[in-house]
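Have a look at these structures, which come just after this line.
Shared between the two complexes below is chain A, which pairs with chain B and chain C, respectively.
Take a look at the complex of A and B:
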């Protein structure tokens, strides 16, 4: 990581640049983003997919009534123009289920990602920068956290906690997921704090808050941002998995519940009737993962000048 | 090309193996007509085979497969109305005292254990002693338990007489006796102390000594459950030869009394953990028969398309009800329950949730519709059928004081009414049924939702703890009428029989989660349904019929549950390799395939 990156990522290294200069840098940054996206159409596609999912989660459910209409004459109907992914066991449009179900899934993923990253980065930065006793204590806590297997713990937790809201689910997944990020951020911090620019900042007598917030954090922003995106996919897998296993309360338009009912109720693995019902949430998860991977690829180049092919 | 060749080679190999298998079968078949062959099926009671499980019929993980290497005294027919009909097992014949006070068993004269020792009355008595440690229905040590045996007497080497404690008799006593597994005394002897029967006698008394004796017997339960005989010594048609996590292989027990008529030389029980695995076995044509399995319509079509596969349907004394916790508002009001019954379209629910394994309930009687016709006769048609009728539902809700505001029903005090159905997540038919009900209710302006819990034991625990307002509940578990109605007016609704007396516990206490009132009015007459249900244990004939009629009417008017669908025992057979399977409606469909085989029905296809 070089000083150049820091400039690109965080705005102004060293802090107090003139306001117009900062605005110009920001403009340049977004121009850079646009350039990077344009270079490979796949990245553009990734951005479109991620934006599409975000829009679907925010606005999608508004297009449907609270209780989705159903047609009991068409149970497990095959895909048609009217029902692009067919219908479910009681004749409800699968696409409608998918769209209305996206809000819970994506909101959980977002909450998880934010908690994972904020907690992980804060603990990692603090432990790495302070070293000594704080580092030891925080890293032992992290180690302990990392030794707790996530899925079994979730299975146990789900017997006492029903996770009816996406926020609760996200909170739990986030609290279970910050360990890896904390460890990685700490090691990055340990390496960065010995670099010249941090030495210089210390020499200038700048405050710890300033050094962590303005010097260290921007250097690690790309790494943290990528982790955030990756934990979005992790959170989607985890919660969809829990619903698929049936350990979480039923919610008809949850993607995991759809998978569960398609396989165990509809026999999607044994006969083709319920296959579209199974494929719809699977495709959605696949597409979301693809979008995130492509965006991560773009981010890599935006933040890492060595990859830039100017 | 290479890949194709490899596939062809593999197929060739498979064909050779198959051929050699067949030759082996033919030679093994010997002279017995229709003998030989490998019969493949699953044991409906053993999802998930455990290689390390003991040969112990009481152990839940035991490698003891009823009908194959585990024999019971006799096999209950589950007749529509008569609980005292059986197919012979260890007992060849029996005499039941007219007042149900005793049963005398005559054992199969030529039956031997697979290690060559004869099956004797002592084995039966010892097995009953083991059953006492587990507290089965007929062999309970709880003082005053209904239908418990008071004496077990070895009359001679092949005859045993079991007497019922007539202080608190039950018509299910004989059934409780017959349902006991029999194990070899010479293998199990070390498990029980020599003075067991003295202890048992003491335990059946009263006072401190009795308490101590009961504790000692209960302490033996763990020892019995954990006991693992070194090898499988079976009095059934098969013994377990070997197993791996995927399958258990059983071979014919040449000492079995009816060995000459047992068709297949070997039985392979495949492992399964969920229904979809069974569907795939069936689609592949691997299973010669499979017990009741919930199947979606389209999968049913695929299964039926496999050559040789056939579907056999029979009666199964099980129905599904939507049960209310009447200690919670507004379900304490009968008009709310009736209104809900009018809003639930049972035909549609059954079509969505259990198209192949259920028929919509004709009405709520608490009895499966097949025996209901026998028990109730013309009365059945006079009961309120609760057909879908929105107008009637609105009338009932209004009568209950519910209000409709902005198209939504609210409680009488104007607070929102949230209707939550609880179901266990692994039962996919229940989940989709509950979802379909909520869809119907939502359309009628009731804010309804489904809440699932991770598994069935937790579900039952939370249900019993009164945590749910509304849940799914299996009812009509016949054939004995007491067993049918105790699902509605038994311990779960407050009534239990202790020391021969019916006691009613308050809602929320002693497992009373249904919380119904102690007396209800039926056609202007006040009745105590729990007491009437308990009486079903002691009366018989017309008197019993009269009580069943009264209780069915009570269930129909009081609606502690709304009967949704009556299960149909849908089973699968494959006639490619074997013949002689039970026909539609045969009572043998309520037995494991091992019983069909041991009775000499199943034969290798010639």
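Take a look at the complex of A and C:
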């Protein structure tokens, strides 16, 4: 591996490098990213898939009317040029359902990921940096959160609060999901705070906010970013699962609603004709997972020089 | 030994606090359900001509605690009921206690999940060793990738895929239920065969969904041990490959046992999606049904049982680790 990319990654991770060389470092960093992506085409594919889903969520629903047209003459139509994934039990195009539903799914996942990461990183940093009593209390709470199983808790919660809107769903999943990130960030903080550069910062008399914001956080940024991507997949699974189980009212169309209707309402299990309707959301979930896994793999190598192959 | 006892005491105290929290949460969830089903039921009974006291008692039986009185009084009633393992009565199956309903459902969850866990553990551990030793080879790489993919895919996606393949496309396995109704339940070959046939898809799904985690954990554990100095030392001393392998295996499997003990906590609540999809009448399906039927006493009980199992498994896992790993037993365990 060339020294160039290592300094580039170090510059991106260190964050506190001299201000003059920063632009050059950043340029080198993007060159490093490009090189890592190019070395394995699968990683490029991952980036393309994730970007494709993002575009689909943002722009996709704009191409469709609010009420999707129904073709009552073609219930459960097989895949064709007109309907690439066939039609559902009402004759609606499955691809249209998939695309209009993706906005809800991805928006929720984004809200969840942001809340998870912000809360988790804040709590983990605070506990790991302060140590002492606060650390003990916060980690006890985190342990308890990690012990209570998420899905049953969500099911029980759904009886009191119908969190169907994308923001509410994201809020619930985020508030329930920060435990793992907090744990991991705390242990990273504990190991980083003993390193030379933090000690040097403390010796220089820099403020705690400076040390946390400028020294600790940038070193952990890649790690936190990876956690954010992983929590996106978790959020997609959880919300699709909740709608699939049918414990929440179906206010808007999304992949979970599609799955529920396909399996329990549309009888996709009894007739092979309805299989494309069932398979479309499943394929979308699998493809999104694959994309995110590949991107995380690429990020791992960009930010972790030890993993790079010579 | 004193270390062990101290840890056990600490864990038990923490477990009790957790159970207290969980029951409190489910109490307040049941209390704050929109429309207050208990008050509604109470008023309905009074309207039907029941005396207020009798109506109150009837509702108390149904929900596990009295609808009137202060919130605190209700809470204390509910908790003392729990202490006597009295979880109230199920609404959907009248006259039967919630605990009876729960325990009859539990067997349909425990057996398939246990079978699935053990199956995936064995296969995952064996293939994990192979993937670690041959990690630069093609097959090792493929195994690791298969592990990552299966680990990443949610249970319900796997369940739906398997169901679509084996019940719709190639209909060789039954789509749902526990056994064919034409067989008399009991110890006869037909019934048992039918049980196994009906459990195949749920167990297979569970095993596939957890296999990825095992192979990845075992692989990383073996890779870590392979880099340890004592392995290098053993090789330098010219020890036989078999003995070195035993060194590796003994040290690498240790963390896996902890994960296994932890995963036994999901014996009760780990198959919610699978049970819903294959219509398998375990605890997960019971939890969902209780929610759709607004049977809150049953819901609270199922939630408590599922969470309690995880708390107990956590305690067991930690104690087990203390016993099995001398490094922790030394008393310098992590805070």
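We take it that the second predicted complex is superposed on the first by the 286 of 310 C-alpha atoms of A that agree within 3 Å, B and C clash if a C-alpha of one lies under 4 Å from a C-alpha of the other, contacts with A are read in each partner's own complex, and residues count from 1 in each chain.
Convention: a contact is a pair of C-beta atoms (placed from the backbone, for glycine too) under 8 Å apart; a residue touches a chain by one contact, two chains touch by 3 or more.
Quantities reported herein were computed from a predicted structural model and do not represent experimental measurements.
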Partner chain(s) touched by A:239 [first = chain B, second = chain C, both, neither]: neither
Chain B versus chain C as contact partner of A:70, first or second or both or neither: first
Partner chain in contact with A:263 - chain B first, chain C second, else both or neither: both
Which of chain B and chain C A:249 touches, first, second, both or neither: first
First (chain B), second (chain C), both or neither touched by A:159: both
First (chain B), second (chain C), both or neither touched by A:90: first
First, second, both or neither for A:108, with chain B first and chain C second: neither
Residue contacts with chain A in the superposition, chain B compared against chain C: C
Which superposed partner A:227 touches (first chain B, second chain C, both, neither): neither
Common interface residues of chain A - those touching chain B in one complex and chain C in the other: 155, 158-159, 246-247, 263, 269-272
Chain B contact footprint on chain A (complex, rising order): 67, 70, 72, 75-76, 89-90, 155, 158-159, 162, 246-247, 249-250, 252, 260-261, 263-267, 269-274
Sites on chain A touched by chain C in the complex: 140, 144, 147-149, 151-153, 155-160, 233, 237, 240-241, 244-247, 259, 263, 268-272, 275, 278-279, 282, 285-286, 289-290, 293
Residue numbers on chain C that touch chain A, as the complex places them: 14, 18, 21-22, 25-26, 29, 32-34, 148-149, 152-154, 156-157, 160-161, 163-164, 167-169, 175, 266, 269, 272-273, 276-277, 287-288, 291-292, 294, 296, 299, 302-303, 306-307, 310-311, 314
Chain B to chain A touching residues, read off their complex: 274-276, 279-280, 283, 295-299, 301-302, 348, 351-353, 423, 425-426, 428-429, 431-432, 434-436, 439, 442-443, 450-454, 458
